[in-house]
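What follows is chain A paired twice: with chain B in the first complex and chain C in the second.
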Partner chain A sequence: MADVVLAEGYRPPPTVQGTWFAWLRDNLFSTWINTLLTFGALYIVYFAVSGVWAWGITNAVWEAENRRVCFDILAERAQEQGVDELTGACWAGVISWFDSFIVGRYPRGEMWRINLGGLLLVVWMVPIWLPGVRDKIYVGFSTVFLYPFLGFYLFAGGEKGLFLQVMMSLAIVVLIGNTLNGYHGVRTGRSLPAVVIAGLGMKASSDKKQRNTLLAIFAAAFALAFWAQMDWALVSVEWNLWGGLFLTLVISGIGIAFALPGGIVLAMGRRSQLPVIRILCTGFIEVFRSVPLITILFMATTMFPLFLPEGFTLNKLVQVIVAVCLFNACYMAEVVRAGLQAIPRGQYEAAMAMGLGYWKMMGLIIMPQALKFMIPNIVGNFIGLLKDTTLVSIIGLFDILNMLKAVSQDVPWRGLHKEPLVVGAALFFIICFAMSKYSRHLEETLGGGTQR
Partner chain B sequence: MVETTTETTEAETPGQLASAASSDVIILLNHVNKWFGEFHVLRDINLSITQGERIVVCGPSGSGKSTLIRCINRLEEHQEGDIIVDGLTLGSDLKNLDQIRSEVGMVFQSFNLFPHLTVLENLTLAPIWVRKIPKSEANEAAMAYLERVKIPEQADKYPGQLSGGQQQRVAIARSLCMNPKIMLFDEPTSALDPEMIKEVLEVMVELASTGMTMIVVTHEMGFAKTVADRVIFMDFGEIIEMNEPHQFFNNPQSDRTKLFLSQILHN
Partner chain C sequence: MATSDSSLVKSQPKSSVSFLYDERVRNFFYQTLTAGTFAWLVWYLFTNTAHNLEVRGMNSGFGFLFQTAGFDTDFKLIEYTVGTGTYGRIFFVGVLNTLFVSVFAIVASTVIGFFMGVMRLSTNWLISRLALTYVEILRNVPLLIQIIFWYLGVFALLPKVKQSADFLGIAFLNNRGLYVPSAVPGDLFWMTMTAFVIAVVAAFMIRRWARRRQEQTGQQFPSFWAGLGVIVALPGVVYLATGMPLSWDIAALEGFNYQGGFALPPAFLALLVSLTIYHSAHMAEAVRAGILSVSKGQTEAANALGLRPGRVMRLVIIPQAMLAIVPPMISTWMNVVKNSSLAVAIGYSDVVALFMQTSLNQSGYAIEIVAITMLFYMTISLTISFFMNIYNKRVQLRER
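Up next, the complex of A and B:
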């Protein structure tokens, strides 16, 4: 604070201006016991790391046709170095299976569709993280509500019905508009509609006229996109060929996208003044929270079809996704409820006293504050969801865990267990750690200006 | 003067009450009763307030003062009797309710500013979302009100960065942005340090001089003496005494009022 007047007698706190050497001495070698412990700990770390390092890096075999060759190479090296035996990882197996870890049994010729889908998702979401971009909330909404249609057609292909065609065209127009909006936001800090209006020289005309012009442009773009997509024909890829990390991300991605809005609705229902809604929501939440996910998955795939009308079959993937969504919405509902309870009563009263109705009060005043409190728990739940998704391997979907295990069943790589699992762990770690880091970043940026 | 000024009889229906009470009666409470569980918090309250009147409500804590004004914008629901605000009867009719609330401004003891919005956004939120005023107009009006409460330079700060007195002035400006017909103040200075009470009271005195209808729950007797048209003393959920300030302070009728005044004026 620059405008603080320092009173007489003020002096800086007695900090120790330590060098790294002083730090070492204070923290690691302050007494002879600490010194001993430090060296002991260092030795344990060395022991653990050197073993893993030798197995995974120095002794590892990177190129081989099958597991037998891996062993032969290791035995040869052992002879050269004059030791009885060398243990080393056989990464060759992992490398030859790597595509399968990522996409499962998806036809290799069609893999570009998954890559394109992933790329489009990134392009779609990038404006959220760019500075100066306007209307980021719509970017978020469109990612959740429009991208899935585009993604679905890319991944599944086949016949596209009229509804899918309409939603896809909408998604394409919004994607392009969204990207242009991001571009203009970064360059000039203005939104796309503002740029278009200015470009047409319509500054002076009425709000209504401006809106109609924008709607007309949107309609024209939509028609163009619809016409363009009519010729597109992608080969159908049945859902049972989907697999690997791709399938894991599809299930958990939809789960994440649905869990938060579903959780908000359930939490608001649980706090509702209307007894019927409150009892229904509470019952729903408690039932789903009291049953293990794996049980719900089994129920979804075996019992759910019994309730459906004759001749109406849902594929197993859809059933699993519905089960994961409901399960996580219930967990999220409790997180949201905790966040809502952290908001002081006065905030509700002030909002009500202004004449804001229930939905505006929740949307403008309560939720934005509550969501900020909830970020660590929400992201924690998302990470849990991503990892829990591996349970679908038990009911026979070829998610990443099943693909990792499948390596050891493959004839050339029979018995190769450790290496694929290490790779799987690394993949999960990268994704989950990134999520957790991002949540810390969100907390800091959102908490910055608004500390109470 | 234990009598209230309500001149209506119980036989009349609420609708007739509103029309009979002539145009300049803006708030009418008729035999209002309220309970919190078993606790009878408001007992047979009769009160009529005309347009432009400044009322100060005082009384010991737990006497029902806050509950009384919170009933006027229905933050609390009364169980018996009628409350008519600006010709609209308070009931379970929701549409009616939001309309009344948008015309009745309320200032709270604990400010209740929205911490995630800047001062300016706090002020423009309700005009934009309830009154549907374009953002640029709302911003302009908000700046004018910030000017009036003497803190235009704080417009882009967050409430957490302001002092208590500044926050309360923002809260007053926020209520004024809705162009309310009535302003309710629920102990607006009780949570403030002494040197900040003055700046808030100055704003309230200025507001009173514009002819705003105000109901103020406060223990600031100086404010009551200079500004109020009528002072109401409440105890145990009843209106014990109601009089114009000179009479009220110099010639209290009831023993309980005398006791309360002696306690509050001697420290």
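Up next, the complex of A and C:
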């Protein structure tokens, strides 16, 4: 440090910097206006927090048979404390209805099926987030294309046709393979096929032999799964008994799974050079984007029955899902299109210089960049889709919002509006906020390539 | 559309390629295939629909718009009487109600949104956190839940008519809604209105003149205060000179309810409040992103020129930030109009509730009604995006 030359009159930096006191001074009390604002804001915070705290925690009634009892308890407490009136939440009603918020009118004896279905979905998707797991893209694809069959049978039950049986067996095999793949990936960083080949001592064999062995193992596993699932029989639960958060997640889950591929196709169609395709796609996107979702839901429930051939009916749930999928594909199309527009022309030219055709160019070069670029908007769309799913309550599906509203129609809890709605709002807030935080995290981890 | 993805593929030399691989042949084939599939789909749906309508004995055509509708609405801005009012009339009642709530919500959410967006960027940590909490909570809770919360949890729980909240004896709030005075213009009131229009035009001219003079000579002119003065003074003088031809009809308690005045039902208030605060959060984000999009160098340069912070904001930052704020702001406005359709959940008589729900259930003309309603929303969207395109073009020209 001998080389450091200090100017004349040099003084060491003020030590107060970086302490909490300096932080307070810089961020809260820098000028007298700021000081005033700080105290104003503190008052608002105190007012809001103390009000909510008193209503929701200190004055709240957690155990009661009905709303009358809630009021009586509050009146009693008010007398004890010597005040005229106490307002407090009646959480007892929410607690007794909580299962209904989650699964609606689904038979309580069969609720384990929903729990199991949710658990399987989590198990299925966990490898995506684990470090060291190979072939994550297939995990994602299988979640979208195979899990729905397994989930559908778990939730709906009843008769299963041959197609459903095949798909279910496939889903079971893939789920097990997926989990093992994740396990080995975390432990050794190798994929499941590599582990199997090594375990059989076939590392030296030819590629073809290795592949055939793996296929044989897969076929055997499939046969075993098929045989195992043959005598499973779940009681049928009609779609009109589905409800609550479960139904909301089913509708928005299918919507999300469809929106991205549908949006990609529409966006590519809109940017196509072929006029017929471009005009059709543009018209479709613009029509669906310029009208509110509720009009499309009304259209689905009133016009779809007229469109279909006589004797062929769709139930309301399917109508709604179709409407939600189309609506969201159009919104996603615009997001994807914006991403495509942000890709510099040089990327296209480079891809073509490599000799790639249109589909390979889009699939391998352009789309991955465009989608990565648009992650925040895509997740934002997903959040919007989840929030918009509450609209199905207007056309009479028993989604979470209708269950929240149903509490106040229940005789013991007549008139209990606020508490269920607050709980529902909190549930949505947690889900949506977590999603948006996660998207920001994704953006940071995946965006590394664009920052040089 | 800057580049077309396949335009680049096409520009290959058209030498000796086989017929199957000829780009033009392929394009023709794909387009014919798509058009054919689409035409077949339309035909298929059309025949199905025609058949279904016939089997169910349903009528079609737009004649029903001139039939009388047999139901009433609690909130209307134009005359409508049960028994003589037609479905067409009902449609206009609904359209006006939709636009009525949308306009108020747009203005209010824009003002609050700007305020919140600026607060979000405050150097005061507490203030910016407060604004952040506001934005995050409102954006992450579905609008429909908010609407129903405001309706069932707030406006339906207001005091009964007898215990109305009284605002200075001119407005009254109770569980049947908000009663505000309604203006009753007298004979000569049109003169005041004319004077007002003239004053607005005059203020605009003053502003233009002042700006031109400042650009030429550097002399400043307080055009804002002058304009405001003209807008207040001219109509004021005319109003007084013509003998104050405007009276207010104030609601009064008669029997069990308030009579007179202008009654805004609780559903309207709930919808207005929830639309306003929900979209103000989105607006705040747009404003914040817009202001952040202006590079820091602009602030520093303005500071270096010796401008005070208020002027830096007003003369340098805001004009540039507006370029980035306006497009998302307009799309938020469009969302306000679209989301006002959620009124159907709480029974505010907007176009969806009156026309698409009640009229459809009563008359059964599903296709026509759905088409008309969608056309209405599409007209609004297209109008707004038309103006937005004009604005974007103007802005782009000015930019470089």
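Note that in this section the second predicted complex is superposed on the first by the 432 of 452 C-alpha atoms of A that agree within 3 Å, B and C clash if a C-alpha of one lies under 4 Å from a C-alpha of the other, contacts with A are read in each partner's own complex, and residues count from 1 in each chain.
Criterion: a residue touches a chain if its C-beta (ideal position, glycine included) is under 8 Å from a C-beta of that chain, and two chains touch if they have at least 3 such contacts.
None of these values were measured; they are calculated from a predicted model.
Peer 1: Go through the superposed model and pick first if A:Ile365 touches only chain B, second if only chain C, both, or neither.
Peer 2: First partner only.
Peer 1: Under the stated touch criterion, name the partner, chain B or chain C, that contacts more residues in chain A.
Peer 2: Of the two chains, more chain A residues are contacted by C.
Peer 1: After lining up the shared chain so the two structures overlap, which partner does A:Gly357 touch, if you call chain B first and chain C second: first, second, both or neither?
Peer 2: Touch partners of A:Gly357: chain B and chain C.
Peer 1: I'd like to know which partner A:Ile294 touches here: chain B for first, chain C for second, both or neither.
Peer 2: second
Peer 1: Taking the superposition as given, does A:Glu349 touch the first partner, chain B, the second, chain C, both, or neither?
Peer 2: A:Glu349 sits against chain B and chain C alike.
Peer 1: Considering only the touch criterion stated at the top, classify A:Gln273 as touching first (chain B), second (chain C), both, or neither.
Peer 2: second
Peer 1: Please work out whether A:Ile57 is in contact with chain B alone, chain C alone, both, or neither, and reply first, second, both or neither.
Peer 2: Neither partner.
Peer 1: Applying the touch criterion given at the start, work out whether A:Asn27 contacts chain B, chain C, both or neither, answering first, second, both or neither.
Peer 2: Only chain C is touched by A:Asn27; chain B is not.
Peer 1: Just to be sure I follow: which residues of chain A are touched by chain B in one complex and then by chain C in the other one?
Peer 2: Comparing the two interfaces on chain A, one with chain B and one with chain C, the shared residues are 349, 352, 357.
Peer 1: Spell out the residues on chain A that touch chain C in their complex, using ranges where they run on.
Peer 2: 27-28, 30, 34, 37-38, 41-42, 44-45, 268, 271-277, 280, 287, 289-292, 294-295, 298-299, 302-303, 305-310, 340-341, 345, 348-349, 352, 357-358, 361-362, 366, 383, 387-388, 390-391, 393-394, 401, 404-405, 408, 417-418, 421-422, 424-425, 428-429, 432-433, 436
Peer 1: Touching chain B in the complex: which residues of chain A?
Peer 2: Counting only chain A, the residues touching chain B are 207, 344, 346-347, 349-357, 360, 364-365, 368-369, 372, 449-452.
Peer 1: Under the definition above, what is the set of chain C residues touching chain A in their complex?
Peer 2: Of all residues in chain C, those touching chain A are 1-10, 27, 30-31, 34-35, 38, 45, 48-49, 51-53, 55, 122-127, 130, 136-137, 139-146, 148-149, 152-153, 156, 338-339, 341-342, 344-345, 352, 356-357, 360, 366-367, 370, 373-374, 377-378, 380-382.
Peer 1: Under the touch definition given earlier, write down the residues of chain B that touch chain A in their complex.
Peer 2: 73, 75, 98-99, 101-106, 108, 110, 112-116, 125-126, 129-130, 134, 158, 160, 174-175, 178
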